[in-house]
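Chain lettering (A, B, C, D, E and F) follows the sequence in which the chains are written, and residue indices restart at 1 in each chain.
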Amino acid sequence: MKKLVIGLPKGSLQESTYALFKKAGFTIKGGSRSYFPSIDDEEIEIRILRSQEMSRYVEHGMLDAGITGLDWIAANGSDVVDLCSLVYSKQSKRPVRWVLAVPNNSDIKTVKDLEGKKIATEGVGIVERYLKENGVKAEVEFSWGATEVKVPDFVDAIVDITETGSSLRANNLKIIDTLMESYTKFFCSKDAWADEWKKQKLEKIALLLKAALDAADKVLLKLNVEEKNLEAVKGLLPALHSPTVNKLTDNGWYAIETVVDESVVREIIPELKNSGAEGIIEISLNKVVA
Amino acid sequence: MKKLVIGLPKGSLQESTYALFKKAGFTIKGGSRSYFPSIDDEEIEIRILRSQEMSRYVEHGMLDAGITGLDWIAANGSDVVDLCSLVYSKQSKRPVRWVLAVPNNSDIKTVKDLEGKKIATEGVGIVERYLKENGVKAEVEFSWGATEVKVPDFVDAIVDITETGSSLRANNLKIIDTLMESYTKFFCSKDAWADEWKKQKLEKIALLLKAALDAADKVLLKLNVEEKNLEAVKGLLPALHSPTVNKLTDNGWYAIETVVDESVVREIIPELKNSGAEGIIEISLNKVVA
Amino acid sequence: MKKLVIGLPKGSLQESTYALFKKAGFTIKGGSRSYFPSIDDEEIEIRILRSQEMSRYVEHGMLDAGITGLDWIAANGSDVVDLCSLVYSKQSKRPVRWVLAVPNNSDIKTVKDLEGKKIATEGVGIVERYLKENGVKAEVEFSWGATEVKVPDFVDAIVDITETGSSLRANNLKIIDTLMESYTKFFCSKDAWADEWKKQKLEKIALLLKAALDAADKVLLKLNVEEKNLEAVKGLLPALHSPTVNKLTDNGWYAIETVVDESVVREIIPELKNSGAEGIIEISLNKVVA
Amino acid sequence: MKKLVIGLPKGSLQESTYALFKKAGFTIKGGSRSYFPSIDDEEIEIRILRSQEMSRYVEHGMLDAGITGLDWIAANGSDVVDLCSLVYSKQSKRPVRWVLAVPNNSDIKTVKDLEGKKIATEGVGIVERYLKENGVKAEVEFSWGATEVKVPDFVDAIVDITETGSSLRANNLKIIDTLMESYTKFFCSKDAWADEWKKQKLEKIALLLKAALDAADKVLLKLNVEEKNLEAVKGLLPALHSPTVNKLTDNGWYAIETVVDESVVREIIPELKNSGAEGIIEISLNKVVA
Amino acid sequence: MKKLVIGLPKGSLQESTYALFKKAGFTIKGGSRSYFPSIDDEEIEIRILRSQEMSRYVEHGMLDAGITGLDWIAANGSDVVDLCSLVYSKQSKRPVRWVLAVPNNSDIKTVKDLEGKKIATEGVGIVERYLKENGVKAEVEFSWGATEVKVPDFVDAIVDITETGSSLRANNLKIIDTLMESYTKFFCSKDAWADEWKKQKLEKIALLLKAALDAADKVLLKLNVEEKNLEAVKGLLPALHSPTVNKLTDNGWYAIETVVDESVVREIIPELKNSGAEGIIEISLNKVVA
Amino acid sequence: MKKLVIGLPKGSLQESTYALFKKAGFTIKGGSRSYFPSIDDEEIEIRILRSQEMSRYVEHGMLDAGITGLDWIAANGSDVVDLCSLVYSKQSKRPVRWVLAVPNNSDIKTVKDLEGKKIATEGVGIVERYLKENGVKAEVEFSWGATEVKVPDFVDAIVDITETGSSLRANNLKIIDTLMESYTKFFCSKDAWADEWKKQKLEKIALLLKAALDAADKVLLKLNVEEKNLEAVKGLLPALHSPTVNKLTDNGWYAIETVVDESVVREIIPELKNSGAEGIIEISLNKVVA
């Protein structure tokens, strides 16, 4: 039997990745400690790996596809095929950023001031490329963790991952440049993409993962409206997807249903009511394919 | 930008209040320890306060609106505008009561027997008003907690909050009068109500909070039925909201859907089936606006 | 008032049983330690009992009905009326099995080799019947637990409950026969079945329990399709239940909705999209009555 | 190498048994789920078993020695050699009792009234012997647990284990007879006792277990006293073990130290101080051998 | 039997109070939720009360003695007899303080600037006395909690309890005066002190509580030393309590033991070793009576 | 004020390091998340760092001293001064080892067979030195974790840390060589060692840390013996440290006390009793300086 080998990231993303696959229709079993979890699809094999190493093993063909951050793909300089971005939830829609940070009172103002300095980072590859692009020579030191507490005692500057910058501020650091932004990516090797069976399988999985992710931020709205109010009500609904409108059998009313972003519901429900809509209900969705 | 400042109650109601706002479409962030949580609506500002103090600060205009129990509004004698009652769940639909309790073997039978006695309570204001209304003079002592264990050793009677009375019974106390019943209230100051922008914003929020609360106890029932059974099936559905009936395209069947109280489903599903309904399904709801 | 007394199993099944009744429309309260929990139906009384004893007390009329495994009904040899099987979830659809196991290196190959040997088991009744059917005489010893670690030091063979066999393998045991397979059963006494009021009540409860269980593995799919693609799309949907098809009011499109097994969704959504379906959404269900 | 195989009880006693062996000088490793834990003495092998089965396997020679309750030894009627009693702590010095209990309003007043009745119990052997001794014929039914909630609905009386009787009282039961009292026992088989090497090893282990248990309730008191107060102070110390008295080198004072029951310390320290003792200190003990 | 009724504080001090009584020789049972725990001394009865109310009930004779903070005794203005201070551990040796705090940027610099302002506090009695002593008139408002977040939005200043001031600083407040410092106190009523039996019992309990508290910060040091080094070594030991010196039987050495503050051990052990001391050991203590 | 800056390891060792310092007399506060915890000695400053980086920052003078494994000192090739080994407990007395491991069925038998292969490890420095010493050329790949699951799919061999080898065996790997053994080390920089004040401070700390560690495995034995049995009893005590023998004042008995390894107590207590020793007690120790 043909098999597709997919690498999933160990650690903070692991639980949400399992939950996403579950919503997409694939049940992964094996606990957070197993590196060889099982999946209820005989054509797929799962391996658990550190995010940092994922793209290296996909590029070299030990895995067909993987999920990891765009940052670590870049840090490894891996040549792989992008399948789709996976933004797990509203909260994390803000991308993580790799930033250059120095103490609030540092003399270092721009990347140019790093000449001859010492920089600690978990992403040595990302920083070395950045320095080269800027024509700066500096010592880049691999940091095993807690990078933000190393300035100013141990190094002059750091390059670290941040979402909101609050941990940096709490350590009296200021951001002076952003090296890159990063999203979670589902990607595959060039060889897998060239194999028709694998390509189709990967596209199906990507479609289902996206359908599950999209559903997290959308809801189904249903409502009834009399003919005289029909156009007013339709006018309030987001234009993106035209609503399903259905004339009811016995009373001159219309049933409308439409999928909308959850974030607009609190605005339009009061307006729909004011425009004559009745029986307005909101329902959660598992998957949405536009 | 105009701002509406809303006070939410600290403590046992806090988590359910956050969940209710979430269902209504507003995400509050900041952990249970923060007194200044953020909310994803730039027109609203949240403050966390003790239930006991809420109405005082709304009345005096430091807050535009607040959520707290009717009892504490009464205890403070606050002059505020009622927006709506918020009954968080089936379980707590039973109102909390402020009751006068004495030991099972006490000679105190009615409020009149309190003359000259000592009473412990967390709601000194409520008790003093009650005594005055009944023309009784007694010593009212503020209790910092565990009021029910203070009789008979420390005081002659207590006025305490109870839902089922079980804690009182467990301490060998009997209830001899009920001073008031209380529900959770969403309310605002008279000044906020007089400000047109604030009034409209408050009404929208109240509508959405109610829509989320109502949805907790209701479900959507869908079913198909042949024309010959249509009237019988419709006769089984609660009369309150007329169901949406739709003749299907190709086969002489009708699709019916209707929102019903979850509590009646277990009664009507067997009857619907007996009357010829097919493909009966029940779906949860996030919001319901009748 | 007439009452139906139902026994529910203590232990690993208890929480899932309460959850199932909740989904079916009955709220049981009283914590995992109470043996007399309350239920929000005045016609029902709940008793909590060990699975092993349930059928004995139903047969003898102390309970009207009960939930326990088919295995313990068999172990007790109880003469009761089967109402329905309750398979709580996809994961446990695999039945538990009572198997005869011996050490990997044992000389015992078949049941016949047990002659004169010592066997430990929690289900003495099941094993004694099995030996008798096979015309074998052996010593059957009641095991209070941890049966699988008693071979070979304490006994020659064991009869134990297993789902996947992994615990047996981990103890270097091999399975040489299967005595029986077991599902969870909802069953009642013959007397209860003969009482018309109790019978109707039991049938209603069984219908609702089944409706809740069926909903766990099914979802509602909704989609829109143009007339030209209608037949192709319908051809992709499982034949079991014909979908609800509805011609929309204003544009030559059709709205289709159908309940499908969740397990097929990941296969058909990509195909539906390829065949021209739009606005495909998937919704969870609380109850399904076909 | 010669080996001594000791069975330790699974369940509520397991953790305290491990702790007792640790205090006695033996470290058992393997977690609460392992049935074959390791011990840091090559001459000992540990097996974990249910309390109920322990004495059966010791008597039959599969284990050399075991720890379990006297009650289960009696229930099995096992013929074994008593090494010592193990009372794990002050709290449980009160023995557990097997009692005959009936509903508060039952007509059953004495064992004689059980004639023809039904009794549920986990200790069928204990109850059958008791009935025989009293010349009573009754049906004894094995109870898998929660015995105390089976009267009066399922049986007429129960025989259950109790320490304080509070669980029985909470179920509206009264105790009408005590069948036996039980302590935890360390015991061995007759064969092990006849083997000189095993006997000596067992006696050493028993000595150390007792030394560790005795230390839990005793402390070392040290104090200094002038010659003039020496006799008065000595008179206050418990007579059981004569204190160690030592004349100090340089000042006419005496140092006294003595091991006393912790329970008397709160009485004698104030008196010692009043009698002129100085520098009184109390020290915990790991082991005490009188 | 004569009884002494002692009130112990509910809440954060409760667990450490139970532990202190345990170390002193009294076992209190009943869980953190019970208001009537049992104690293994028939002459004592325990009641659990809020710290804030304790002294009121002792003064009025409903309790003989109690444990609470000096601050709440002062807040209530209670006239009671001080038995001893109880400082539970090194960590909390720093007294709690009641401080007057205002926003960092407030114009209020001294108590005088409070004239006509609004102050929130949990200790209304303490603040009113303080204002009176300073001849200042201001509005004092009872705060139900989270007092530190009420400035500047709700009040002008607060009087709050603090140990390190960190919570105030985190809320951008500065301390401008200290109203009082507070320790935990064991105290009794004047009536109890006048009763000889109660007085003696209270003195015994106070002695034992102090002995247990003192032991927490002290250790026993033992060491051996040759005659030639004896004086040097003795010179290093704290002068407070003269050490116990004992000439050993057979070799011209001396054994020394002495109780010292744990905090000095790290200084003197290296010096003792340098001065010729051998076999230095340190032992924990349960109780110390100097 | 002069300051000594000490680095302590983040992670699994952190809690036991804090506990060790506590036993040695130094209280470190600041929670497991703080990188700048406080210590109750004004002459010391604590920094928390990853074990892997510690020796690098000590060598370069950013820290005066540190605690980390000998392995990471070696991996960094750091030139530092060894102060003492710290073996935290009996359990971990077994050193951790860096081993070369391959699949059970691999053709790689010795280090020589690694020529041209790919090796994954967390300790790239350790492996490169090892290969060089053996004259082997191979690709060494930094592993971010879970190294043991990378063979055979991703690499040919691994070098990993192990204590018992059980995790390797569970992954079907065999150990074919040991590169180094490692203990936890307390060490300092050459500059700190050359500074007389720092050197003395470091020696004091090392003495106290060792005293605390030694006490974990030792106990004080005390016993009384009559003159006639004195020599026999002394003969049973370990020869290492001569016991303290003291003739008692009044009765021809001798009191003996001696510090012994806890591991021998279970052997000698039975023998001591047999030889006439009485009143044998065992006491725990906080610190031992021989």
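Going forward, a contact is a pair of C-beta atoms (placed from the backbone, for glycine too) under 8 Å apart; a residue touches a chain by one contact, two chains touch by 3 or more.
By chain, with names taken from UniProt: A, B, C, D, E, F = ATP phosphoribosyltransferase.
Remember, it's a predicted structure, so these values are computed and weren't measured experimentally.
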Labels of chains that are neighbours to subunit D and to subunit E: F
Chains in simultaneous contact with subunit E and subunit F: D
Numbering shared by both copies at the subunit F-subunit A contact, with half separating same from different: same
Contact-pair overlap exceeding half with D-E, pair selected from E-F, A-F or B-E: E-F
Interchain centroid distance [CA atoms averaged], subunit C/subunit D, Å: 43
Separation of subunit A from subunit B, taking each centre as the mean of its C-alpha atoms, in whole Å: 38
CA centroid of subunit B to CA centroid of subunit D, Å: 53
Junction residues of subunit F - those touching two or more other chains: 246, 283-284
Those chain pairs that satisfy the touch definition: A-B, A-C, A-F, B-C, B-E, C-D, D-E, D-F, E-F
Subunit D partner contacts - residues on subunit F that touch it in the complex: 90, 219, 224, 246, 248-250, 255, 262-263, 265-266, 269-270, 272-273, 277-284
Residues of subunit B defined as touching subunit A within the complex: 24-27, 41, 203-204, 207-208, 211, 215, 220, 241, 244-247, 254, 259, 283-290
Residues of subunit D that touch subunit C when the two form their complex: 10, 35-36, 47-50, 52-53, 57, 62, 143-146, 149, 153-154
